[in-house]
Structures are given as structure tokens and as C-alpha cells.
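Have a look at this one.
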């Protein structure tokens, strides 16, 4: 039997990155997923395991990071073309580059779009749960998957160090999370839609305004703001994954230092959970549904 | 050994429904997922398989459909409370009802919100792919997961019937899909952002305006509108699942006929795919990436 | 501008079905997902909304159900070919049929493969959680996503009927669930691997052996069997979705009655949750992790 | 208004790791996902943003890596307990550690379990697609999501280096992928089940046997083995993501060097796609479905 190598290609899939352009008065962000695929004279690696022509997919990822730092980056079509043309040459006869873009809008604060705090387009859902029993009824409302991100205004310092601590302190990091919130009402005769709007607004505006010293502090202040905004709410529970963004050293690839590109990590992630209660508010009965 | 029954509950999870309220001048929709959980005196069914106290989860689903048809339905908190109170009594000592709400906005047509065409909040993404080679470069752009829905203005009639055909003809159905679109450019020197905005607008407005006789017709007209809106686009490919909504007979549960509730199906779904090309436009080279 | 219709096709995607062949001594099952796609002379429906050539995707789904009932069904390649050839003709010039098959193995009982109880290939995971505090430590172990199915030996009768009840009683149904189990140990000095094996075996064998009068009864007996098998386990918590299988009336399509095909539903689903405790076992401290 | 901090906890979720224990004659692997959650005296960080008590979740992740390298690691219950007890103390009053374990079996080669090549438990599916037309019919079969992993027997060296290349050469790495395979038959009158079994066996055994110099080489040899095993197969298409495993420097945490722990990455991943054809076999007609 004689086998023949047919069409083939290789590349790096789903390079997730955030690009931050820091202007004096405001930041601009691009949240992208980039996939490369190269084809050409690659018989040797398939037939003999000879890698002499095989630019590592890791190098392709690095190139994606570097090109995303270009100023201006342009539209995603520009980025895809620039990258594609970069890869063509030598053994590479054809390069395909796919760029996917996730949408973010500025969080409005006092009616003005915030300079560096953003809320994601996404599958956010409003949720309500009633627990009913002969002795009474209770309502817990909230929301799931509210994505928020600050490109500055967040630090993490002063933490203890044990033998397993390798993390450096930082006074300026990207802070990103997906808020899952539940608030328990102490009353049932109220304007649910207005309460939801007030609570959601308090979450967003607090996230945007507060200079964050830790995600725990941000969580607590967001919970407190919900209580302040809605007198009928007795308790707020928040669960907020810390969506880590790691700065990429694009200066190593010849870029000016202020070209900021961050790798967006999937797992693991910090997970911060906490409850904020109104002093003197009635306790939740056991067995209500959160 | 002696075993003891501990906490337990049962119910129907993720009852997906669309509620349509038809006013003379416009429709209002609510897109919900409802989960019920009942607990109480249910030892007999666990210990002896005696179902005398076990209201079927199917009946709970039907009650969800019926209560969603109430006028007014109120906020999701109202619906959850009404359902929860309905279930409590007899063996049921505690009912928990969770309602999740998916957001939709009216599609603007000529700057005016459309009376019965909607675009979903969701994880829509803009996409661009460049294919580069020594002999040239090509760009395909588009979008994924753009959810749209019309609560009227769609019919499906006149189709052939074979021995496996049981579907009834309809002159008024819910039409819902998630648009996946790709458009191939015949040029590279253009305003990518403006082209994207024009193409997306053409997709939405055509979906909203056109009285649909079939999803194929809608697909074709949406593709044609993109070509008309963007002279640099040579070809449009569309893939549109038919997200089936089945009318629930809430009249059987004592509701007036015009209370319209639809069950939202997951699978299977119709899948309509098609290409619309500009006459005389250059062909796509083999091997470009869609 | 002149637009031209390019390649196009349509069909029904992800028709999920279970086929059961009932022999005297044992059942055979096939768990499939089928997708059809037809292409040919379909310009009229795209250009003018004329459906005269458009066999509904609903009819395609019905044909899938009917052909899956053929005796013998053959391998999935045979089914795909038979369906594809059926659709070709008239306006249909090309039919593509994709069949995906999910694997199931017979549950062994007393070392013998069970005649009608099955365990699914799948992403089952073993799980353990320790909660540690100065005053002590507790371990909860278990498993997630253990898929099991019985093609007979399950009934559901004798339930109450309210105004929303439309469900018929049944003395023979498919019972399918995905087991999520957690068991709390009252000790820490034991053979964890042996305990896991014994508990998993007890879950499977009880599911297979017990004639089920309700999923609650099955849940309770499965929990009891875990307690009986592992003296160090104090408490078992089970969460079991009722994966509904609805019998398809393939007799209406000319098939003999004993050709059994079931539509596999995604949502909604019954959700049964319960706890079984060992009498006299120590209580779980508040705050341990399940 | 006065707000009070309620229950709270924090930790690192979903630390994905592979542990490899290298014995002279065979390797043993554990594929785990670990989640930590700490609670205790953490009011200061919530109320004042004071991190003095907040051991970073990054350090918790590092501890997970270090403890997974313990010899013996024990069962997942042992690991969870050891980690939980490690975290308790000082401000931490309660530590919860959840460990999830993914199953792998040794690939049999010549009927003998392989010393360092494994196949994952998982949602592998067999797939067949028929394309039918008046002029003929074609069948493509295959499988999706067949997870395989080698803990040694894989190198990657001799690749070109550009300005974006930072990857080091390696002569011993973990090679893991999820095989998506399609094979096109040149005939229709054959034993489909036997062909599937032979093709799947060829894929697995080749992956296990071959010392890999690149994933492309492995892909090509796997395709060639399928052709050799099944004379009716004309062409094989393979898509294989390179599931990267990055060695963790547990020696930095005081562990002996041969304790091997790898971080399992989600994204990005290399994606290798290729076709292997039988020389002289008939071409696939345009438009058949893969």
C-alpha cells in the first residue's frame, strides 16, 4: 500500500487577548480571539518528522500578541491581513488568520461613559426565585453572568508570602470578573423592576468608581451599594471569579512598552464569594432558595 | 442497618417558554426559563413507590405554561410567587420557583422600534478572516450568534406532503433564528467598520421588514440586502437554524385564547444554509477560509 | 444590483432518538443523533417564497424516526445510506445524512450483563471534597455524570391529577438519568478506593435490579444500597434528572408496533433530589462542602 | 444604613493538573481538577482592602501543584485532606478542597496495556455520513473526541526560530490530543462495524507505538495505519488539537526533581489538520459531506 499526504495545515487556535490603549483621559480596549492556520511545503514533517520548516505554534501565538500591540491596530480585518501576510513566505504558501471580537461598552457613571470601566455584551440574565410555604413567602432576585472589566484602577499588594508564593505585588492590573448576584428582599410589596434596575446600577457604578485594593473589597462595596440603593433588600450574596489577565512582554518583540497586551486565562481563576447584610434586617429562614 | 429519608424535593427544571402579548399596534414578549421544586410529605413515594402524593412534573410544567399566560403576568418575581403559592398545600409544604429571563430589544427600522421584531441580548461576536498567499489576499467578515425573533409576520404553507408529513400549515408563527453570517469582500481598501455596520443593519432590518413565507426566503432577502448595502461585498453565506416555538394550548387550562404561550424547543431544529452572490463578481479562490 | 442564489441546502439537525429492540431475553439499544441536509432545485422558495418543493424539515425528522425503526436497522452507515437514498428524487439532487452514535454498555449484575439496564460511555468523574477546621476534618466523596438507562422495568402510575394534569399513566417506560452522587464519611481511616468502588457498584446494581415505580423510589433505594455497602458512609445525597424519552408513533408510518423508537428530550426535565441517612450516624457539621 | 459582612470565602478554582509518576517499566498518571476555598478572619480585606491576611489564590494554586507531587499522592481524598489541613491556621478557620478526577485507561498494544500511552474516558462518538445523489452514494465514517495522551515518547526539536520564537526545544514532553477522524470509503458493500473497529484500533495503536517527533508526524502515521488496516478506505482526514501540558517547577517548592506535575492548559492550543490518501484511489466527488 502506498499512502500520499493530502491537504494539511497547522496553527494556533483561540489565542485570547485583551489589548489596552492608554490615553491620558480614557482607555480603549479590544478583546479578541485569534486563530492561525498555515499550509505549504510541509511534507517533511509529516513523512519524516523533520521540523526544519515548522515554525512553532507558540511562535505564532507570540506574533499574534506582538501584532495586536501595533499602533494603530486597526479593525480586526486589518489585524488579520497583517498577520496573514507576515506568515506567508518560505515554506508557507497560504496563511489563514481568523479574528473574533467580543464587544464591551463603557459603564455610565453619573450619565457619563467611564474612561476605563467596561461592561461586556453577553448572555446576562435576570433571575428571581420565590420560596413559598404556609407560613410565608420570600423572594430572592439577582443576575447571572454580568461581565465587567477595568483596565486600571486596581492593585493587589500587602499580601502574606508563604513558601509557595511566587506572585509579584502589583499597583496596576486589569480587574475582570463575571458577577453572579443574589439579593433577598425583606418585603413583597414593592416595584420589582425598579428594584432590579437600582441594584444593577449600584453594582456597575461601584465597580467602576472604586479604586480596588482587592476583589474582596470590591465585592463588599458592591454589596453595600445594593443595600444602600434598595431599602427593601436585606442581604446580598455575590460570587465573583477573578478573570486573570497576564501582561505579555511585547517589548521583547520590539514594541514600545506602553503597548499593552494581556493574555486572557481560562483556568484556574480566583473565586471570591461573600455576603453583605443589612444590620438589624430579619434573618433568612432556613431552606429558602438562593 | 437502618436508613432514614432526609431532605428531598422534586420538580420540573428549565421549562423554556416565550410569552407573546399581542396588542393592536405592537407585541410584547417575555422569554423565560422556569424551574420548580416541591418538598413536603413525600416519604411514601421514596419508601414504597406510592405516587399518590406526587403531582407529576409534567403537570408542574403545564401549570408554568398556564400561569405565564396570566394577564398581566407581572415581573418575574410576581410569576414566581404566584406559581409557588399555587403549589403549596396538601403534601407540599414548600415550593421553590426560579424564573430566569432572557433579554430582547426591538429592532429599529427607519429609526423606529419595530412592533414585533426583536434582537436578543447575547454573545454576538464580530468575526474576520484573512487568507493570504503570494498571489493575493482575501477577507471574509461576518458575525456569529445574532439572535432575532418575530412574534408574527411569518407563515409556512404550500409545502408538499409525503407519507411522513404530519406538520400542519400555518399562516402565523413565531420565527426565531440565530444568524451566522459571512461575507466575502472583493476589495481590501475599504472602511471595514462601516461595512460591518451596514451589513449588520441590512440583516436586521430585512428580517424585521419582510413578511416571511419561509426561512429560505428570509435568508435570501437578508443576503441580498447585504449585497445592496455594501458594494464591496461579492458573496454572502448564511446559516440560520430554525428555532422552533410550539404554541401551548393554554385555553385547555382555562385561559382566553389570545393568551399566547410557546414552548421553546432545543432539538431538533431546522437548519437553513444558503449563499447569495453578486452577479458578475469575481469568484472566490479555492481554499479561502470562511 | 443583481443578486444570484448560490449553493444552498436545508434539513433537520440533531434528531435525537433511542431505538429499542425488545427480544425475549434481552433488549438492544441504539442512541443516535441524526442530521439531514437536502439540496437541489430550491430557487423558488428562496426567490419567491414558494414552498411547493420544500419537504418540511418536520417530515424529514419523521422519516428519521421511521427508518430508525427498520428491522434490522443495521450499522449507522446503513441507516445513513437508506435515509439519504430515500430523500433523493424530484427537486432533491443531493441528500446528506449524518448519524452520530452514543455508546452504552450493559450494567453487570452478579457478574452477568443485564438484559435491559445500561451505563453510558461518558464524561463520568470521581469527586472528593475535604472540609478541614481546627476541630476536625470531614470528607465527602461521590461522582458526577454517571449516565444510566433502563429500556423497561419502570412504571409511573397512581399519581394525583389536578387541572393541569395531562400526563397518561404508564406501566412501561424508558427510565434514564444522569446520577450526581455525594456520600459523607463518618471516618477518615479507610480505603478510599475500595469505598468508591463499592458505592458506585451499589448505585449501578440497584438501578439495574429494582423495578421502578418512580424515580424517587429508585433514588432512595440507590442511596440505601450505598449505605449498606459502605459502613463508614453516614449520608448519601443524590440528584437525578429524569431524562424523558417520548415514544414515537412509528406505526403511523407503517411500522409494526413493536418497533420502538423514542424521541430524546433535552428540556424541560424532571429533577429529583434526595438524601438518605444512616440512622444514628453523626450529623454533618454546618458548613461542610458537598 | 449599616452593612455587615456575612459569610465569605475565597480560593482558586479548577486548578487543572496532570501528575506523572515515572517507574522503570511504566508510568502512572493522575488527571485532576482542584478547587480551594478558605474562610475565617477576613473582615479587613473586605472592609478596608487590607490584604495582610489574604494568601494569594496564586499561592494556593502553587501549593496544589506541590502537594500533588507528594509520593505517594494517595487517593483524591488523601490529597484533599492534606491540602485542607495545610491551609488551616492563622486567619484561616476553615478550608475546603475539592478534587475532581478524570479517568484514563492504558491503550492495549498487541493485547498488552501500554506502559505510557493512555486513552481517556469520555464522550467519544462514532460518526457516519452518507451523501446520496442520482449518480451514486458515498460514505464517510469516523469518530469525534477520542482523547489520547502519552507521558513520554514525544519530542519537538529542530524547528526554525524567528524573532517571535521563545519556545525551548524538548526531547521529552507530554503529548495529548483529542482525535477527530473521518475516513472516506471507496466501496459500499463492506462490514461497517469491522471497518470501524479496525480503523479505531489502528489510530490508538499507532499513537501508542510511534516515538513522536512532531504531532504532524504522528497524525500522518495514524492516517497511514488506517489505510493499511482497511483496504476499502480511500482517504483519511484528521484534526488533532495539541493539548499543551506545561511542566511545573515543583522542585522550587522543595520536591525531588522526578516528581512530575504538569499544568493542563485550555487555550490557546496548537491545531494540526491533515489528509492522508491511498495512492491511486478514486477522488472524492465535490460536495460530499465530511
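Some notes on this structure:
By written order: A, B, C and D. Residues from 1 in each chain.
Basically, contacts are C-beta pairs under 8 Å (C-beta built on N, C-alpha and C of every residue); 3 or more make two chains touch, one makes a residue touch a chain.
All figures in this text were calculated on a predicted structure; none of them were measured in a lab.
The minimal number of chain-to-chain contact steps leading from chain B to chain C is 1. For chain B, the chain with the farthest CA centroid is D. Averaging C-alpha coordinates per chain places the centre of chain A 24 Å away from that of chain D. A separation of 26 Å divides the Cα centre of chain A from that of chain B.
Chain centres here are Cα averages; for chain A and chain C they lie 35 Å apart. Shared interface positions of chain D, defined as residues touching 2 or more other chains, are 37.
In this structure, the chains touch in the following pairs: A-B, A-D, B-C, C-D. Within the complex formed with chain D, the residues of chain C that make contact are 37, 74-81, 83-85, 87-88, 93-103, 121-134, 137, 139, 141, 144, 188, 192-193, 196, 287-289. Those residues of chain D whose C-beta lies close enough to touch chain A in the complex are 1-16, 35, 37, 42, 45-63, 66, 156-167, 212-214, 216-217, 219-220, 223-224, 227-228, 231, 235, 237, 241-242, 252-254, 266-280.
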